[in-house]
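My questions all concern the structure below.
Per-chain residue numbering starts at 1, and chain names A, B, C and D are given in the order in which the chains are listed.
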Amino acid sequence: MTEFFHMGGYALYVWGSLGMTFIVLLLNIVLPLSQHRDVLRKAAEFHEWEGRDEK
Amino acid sequence: MLLTGTQLESKRNHRTLFKALNFELDAGQLLLVEGHNGSGKTTLLKTLAGLREPDAGQVLWEAEYRPQFVWLGHANGIKDDLTALENLRAMQTNSLPPKTVLEQMGLAGHGNRFPRHFSAGMKRRLALCRLLLSDAPLWILDEPQAALDKAGIRLFEALLSGHLQQGGSVVMTSHHDIGLEGQHIRRLGLGT
Amino acid sequence: MISILTRWFHRLASPVWFYRIAGKLLPWLWALFALLLVTGLYGGLVTAPADYQQGDSFRIIYVHVPAAWLSMFVYMVMAVSGAIALIWRIKLAEMVLVSCAPIGASFTFIALVTGALWGKPMWGAWWVWDARLTSELILLFLYLGVIGLYNAIEDKRMASRAVAILALVGIVNIPIIHYSVEWWNTLHQGATVTKFDKPSIHIDMLIPLLLMAGAFKVFFVISLLLRTRNELLERELPRQWVKQLVEENAND
Amino acid sequence: MRLTHAFVSLLYRDFTVAFRHRNEILNPLLFFSLVTLLFPLGVGPSPQLLQTIAPGILWVAALLAALLAADNLFRTDYEDGTLEQLVLSPLPLPLLVIAKILAHWLVSAVPLLLLAPLLAVAFGLEALAIGVAELTLLLGTPVLAFVGAIGSALTVSLKRNGMLLALLVLPLYMPVLIFGSNAVDTAAAGLPVSGQLYLLAAMLVLSLTLAPLAIAAALKMSVSQ
């Protein structure tokens, strides 16, 4: 198994590339999801405020 | 009907400037758009002039497309580095001699001077010359009387009634009252 | 046939329909992405034989090449949705256009960094003025330009029109930039011999590469759907359907 | 007929406005010569080195001067309201835009063409290379003007947009830089440069035909703010 991780001496470069790639991919999921939560919260405030106006 | 606006709506991001706006304007009439600052007056005029698209609704023209019109915005549309006469030649679309137009607007003798040295009122008068230098039937004016003195306002109102009598029509915004007999004027309140 | 098409086209433009469809599609897309990723990585890192010249460092292509392909593909998607937004004024196209830019920039960044990490063991230099890498770097600036312009204009509808114009200007320039850099590189070939094209692709090297390219494309769709949904909610905030959505969300 | 009349009068008008600001015409020139002056101070005065990097320096300086000039191409018109009037004119906006950019090019780039040979001599380029440099600048600077105008039209309504304009426009300037400076390099080595010149000419034709459409659309967007 350690042979696999060794990557023929290029472990740093191969795992470095893979690691960096997945961090960027993760960002492209986590950021939109947290924005999604923020927008929903903003919408809730807007409509809740709006609701009070109509009553 | 020269112009009918149906269910017009315009927004800037979430702020709705106006919504479900209906109005009409016929030849020989003046549509006075009133409202407090920020009520979307300029946006409405820009929509009529085609500078901006409405978010909903539409503007219908009698001849399916927008007729020739003169636009006067907040900015005067004149170059500080061209002499008054050069500016007039730039805005001209009919064949009236610019010198007489200058005199008509009370700017006689300033022909070869640069607007840079003019007072705000004189600059506005120079900008208003655009109305005389075009035969377009429709005028779209955004606060044309801004910075005008009393004599200037009287001069401008004379232009208005002359244009309306010839069957021309005007859409304008203003904070001053218009000294014309009521029958030509339609009023449209925004931001109520 | 046409009536179905136009009806579908207009329904696509209705926000509620899009929001619901996106919600339904996402789980399936996640499954597909996971499948493609696992098989691609397994193929690329385990079964594919090491390259006779570069040894195991060649395995970086399983991330570098799909990212580079995708960075170009995303720009094209951006330009097409820009054209649709400009010509037919479809709001949804504006939102797709705007959501594409950050994703495209991310994949261009991945391609650049993995390119440097691949270049280091082979030529001993972190950055090599190779034609492909240089074009990729310029592409990154094109994306940053799009993102910069969009954030600089407050009125989002105007910002989308400006970005649509810029994306179309960009798509016309990308081939010009690519071939002039390619030409510029061959011209100064004397400096460093950079043979960057893919090593001779052996069949069981190629399969994982295509799988990874597929995985990245599916990922692009997932991230695009998520971002477009946010843009949709942002723009349609005062609308009634967003109100119901918020209520639904509140009780579950 | 009305179109050519409007085209010529717009060209003449922009020309007179520019000439009334004579000192402003010098700005791109001063900037161009100052930037080229920086390089010898930075890399050292050795003639061989300067001779080899001279084409690159001249072209990078010309690029930056064009970028600087592009910023105020529409800005004054936007502020004094003449841009609105131009957009509302019944005549086709792309053609009027070409008149404006032609006037801008005559005022900002042509003086540069006159100054470039002097600086090239200071860098030790021979006559042939200088001649080719002139030719590439003649073909390239209009492309820089048109592409710069696209960026300028997109950002004219923004308050502070200096860096954004550079970010939008510099990547699109790169192909011109590549072929322009390389043509001078090859000419200095005595090799034929027709290939590069044809490509520059092709870029000129492309920007002359496509850029005005993008500029007109961008101006309509900026004016509607």
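Simple rule for what comes next: a contact is a pair of C-beta atoms (placed from the backbone, for glycine too) under 8 Å apart; a residue touches a chain by one contact, two chains touch by 3 or more.
Just so we're clear, the structure is a prediction, and the values are computed from it rather than from any experiment.
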item	value
Chain pair with the most C-beta contacts	A-C
Of all other chains, the one whose Cα centre sits farthest from subunit C	B
Rounded Å distance, subunit C centre to subunit D centre (Cα mean)	32
Whole-Å gap separating subunit A and subunit D, where each centre is the average of the chain's CA atoms	43
Centroid spacing, where centroids are CA-atom means, of subunit A and subunit C in whole angstrom	16
Inter-centroid spacing, subunit D versus subunit B (mean Cα positions, whole Å)	37
Residues of subunit C engaged with two or more neighbouring chains	155, 237-238
Junction residues of subunit A, two or more chains touched	none
Per-residue multi-chain contacts in subunit D, two or more chains	224
Contacting chain pairs - touch in the sense defined above	A-C, B-C, B-D, C-D
For the subunit C and subunit B complex, residues of the former touching the latter	89, 154-157, 237-238
Subunit C partner contacts - residues on subunit D that touch it in the complex	150, 154-155, 157-158, 161, 164, 167-168, 170-172, 174-175, 178-179, 182, 199, 203, 206, 210, 214, 217-218, 221-222, 224-225
Subunit B - residues contacting subunit D, complex	46, 49-53, 68, 71, 73-82, 86, 89-91
Residues of subunit D that touch subunit B when the two form their complex	9, 13, 16-17, 20-21, 79-82, 84-85, 87-88, 90, 220, 223-224
List of subunit C residues in touch with subunit A within their complex	41, 45-46, 50, 55-57, 59-60, 63-64, 67, 102-103, 106-107, 109-110, 113-114, 117-118, 120-121, 219, 222-223, 226-227, 229-230, 233-234, 237-238, 242-243, 245-246, 249-250
